[in-house]
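This report concerns only the one structure given below.
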């Protein structure tokens, strides 16, 4: 049974669920699953509804936009895989995992291509029959490098950019092109150990858990809305190098988890937080 | 802001959410949170709605029962703590944890009393100013012992019976008095290691994780609907005795977790499974 | 079979394990379990050996101190429960858990008494037949309050001080009396969310995991050697108040875990880190 | 600093650690890390020692074999990656993960080739430049098929066989060729849900955790020594198909974890259990 996903976020008021489900019922659409949530401190309403039945999307959207509060964000998720571009640098663990998952339809996404500031990962990407773009930052200003990256991105029609251990800091100007459409894996349990060398920091501090955070990228580095987090147990016997290895496993799992949530239209962004229906 | 919980389970059909939320909207009740779920293989619909506003419970229930499918189970959770009786034997870990939680309002429950087939735990219970009933099974048939237990239970008006390491097997006859109202903590990750001496079994088998299961008790021993499960890491260095100790920690946590879900009206029972809105 | 624990930390050099195990073998002592670890960046050696057999402690210690590098710290753990004093404020969850565990021999410790700057928890402590000391900070300077606390502590012969949600910051002067003998439970996954209101901070940041950290207290607030850490899953649906509740569960578990390690002589402190043999 | 791993298992007796470490000290070898464990119910001693220094392996082995109890198993791990053959069927998740890990030196192993009873995974294997052998079972008796598999295996000099979702049951005859050298990933938290369709079973039972088990294969199906286990949280909203998907993630992680332990010489097999030094 084919189903479609209806996504609504708007100012909260009484009767919203009744209005939306009334519209669906009128059209003889059956609700297969339904989540609502009210962020009460902000007075903001979120709803994700999976419906079965024959759907005239533009007609439904028109009526909902009329009847919901002004400024409501109402969407029906497209009935296809997400189109993604992956940015990477030299580390293969996250990229390799995504290549395998997409090759075998484990993630609701199609990889359009991979962009890297190094050449290291090109051979692996090409083994999967995908375009690899080496956009070196050598000898370029940050702005010139970002312009070169944007040139490559512009040749694709991507829904999302995935930073799979892309080790360059992106400027707010670059980020602003992809608001809520760029996902990063951060090498720590944010907000601990922000910045460089997190595993060295973790080792020095003698922590007993190593974490990773999948998040949307916004203008403030390491501060975007968090999508998924997880941890792994470490101990005194782990060197900084071994902590980094444990960390790579967690990073791989957390990025895949964050992407699965986003690519199945389960994540709303509300300022610097996410609302996740899962 | 005081809120009330509306709980519905019924045969699935189109328009149910619309009907219910329409009724709430008409009465000027605001939906604070809302979960629905359709068990599609059984065609069964579940809904838990938290509403704010002034509520005429009997009027709302009457209308909903009229408009929902025949046989619908519609309830509004009572606006008070659950009243519980605890059954225990000799082990203190689960009972002690519940005594502390209830004494400090960490669980939405009031302990009416504790019943045990041994005397070991009486002193601890009395320290908390609660009635303790020693109902020994010595020299009694199983039926006579259960009759004696029922006599004590009958003197209370309990919503739930909690088996906090009660080491007697209860007959289907006894269980039938408390359908979906009796919760047990099982000393394993069910369905593994059913029956006696699970930690000895786990040790012999060399498992790397020890689990526990909180479940409703039904007529088939160890087969009731599962509410919560968790595991702890163990290893070759753990003797059967140490595995049992690790197990006690998990049991304590899992029972508290299961009870928190049930006592906050987050659990529906559907045949041998639970639907949990959390 | 009674066993004793031998604990050694010293400068690393070749042949240490051979020397120690030779001494044990000569005395016809059998090694039941044995852990060694070399912190290679500091050149420091740690060893924990559990031996069975009849042991002349002073003779063994004398020979080991002669044969091991100058300055070696060599101890045999006393063959009794640890004697502990608990500091608390108003929150009952950690204290209650420790009272139950100790009452039923689940922790290798005897609670000598409980000290609090509030009166809230006195009734619970007295239920367990233990001394409760209310040492209010009202109207006192920090120094005067700490002097009053020290006066009470001085009336006991405690091995360890346990800060079970003691919400006063202790001065370096106070801390210096209990070097590596004072254990605190911190309400976050350190080093994230240091300082006050960690759950409000966690809520504002939208994290997906809530953590807690058990650590030795040293002169730098929140910076002492970490013993144990754990996390619990939270989500957008959890208010700051619910995150605090989830946090209390993790705090309880992590403190009990940290104490179990320390009280079973499994923890060495090495500068700002721990070496844990478990 | 290059190090070598010394592995000993033998009947327990007093003085073993002293004897071994004495031999190492005499040869001016430095112990970098050291684990011992006595399985007291079997009177069996296990020791794993990592040493630094110039090592004459045959001389050291000769002396140790002379001085340790008769029948002692004494080995020095070879100073190279493990050579492995992977068996798979149609599912790509475990195989893909291993291909990526080995391609980037994340696992201490070299994949010699992949053998499958189906053709599905051939293209992926060849992308990594590795031999793929399609050994169909179509029209063959179990014995004939196993003979064909053995023929392929015989052309390689493999240390270990890895069953990465190989969905054929192997006969005791086949298994006996690879005692403690064949590792399987089982689709459940053993010993629950043994046999076919574990995720359907898990769904029917309404469990809240899905597990996986990495284990050595022995003559009794699903009963070999357990190396690693883990679980993932599931709920009522997960269909059997979604549980299977969650399960694939856990399987991937657990198999990689089990192999990492084995390939770094951290696992001893003791009858139907493992002793793991990590």
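Think of it as A, B, C and D in the order they're written, each chain with its own count starting at 1.
The rule is simple: a residue touches a chain if its C-beta (ideal position, glycine included) is under 8 Å from a C-beta of that chain, and two chains touch if they have at least 3 such contacts.
These numbers were taken from a predicted model, which means no experiment stands behind them.
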More contacts between chains, A-C or A-B: A-C
Over half of the contact pairs shared by residue number: find the pair among B-D, B-C or C-D that meets that against A-D. B-C
Go ahead and note the Å separation of the Cα centroids belonging to chain A and chain C. 40
Chain A to chain B: how many Å between their CA centres? 37
Specify, in ascending order, the residues of chain C that touch 2 or more different other chains. 33, 37, 237
Note which residues of chain A are touching chain B in the complex, please. 14-18, 21-22, 24-25, 28-38, 40, 233
Applying the document's contact rule, which stretches of chain D touch chain A when the two form their complex? 33, 92-93, 96-97, 99-101, 103-104, 106, 124, 127-128, 237, 245, 248-249, 253, 256
Which residues of chain B touch chain D once you look at their complex with the stated criterion? 37, 39, 189-193, 205-209, 211, 225-231, 235-237, 270, 272-276
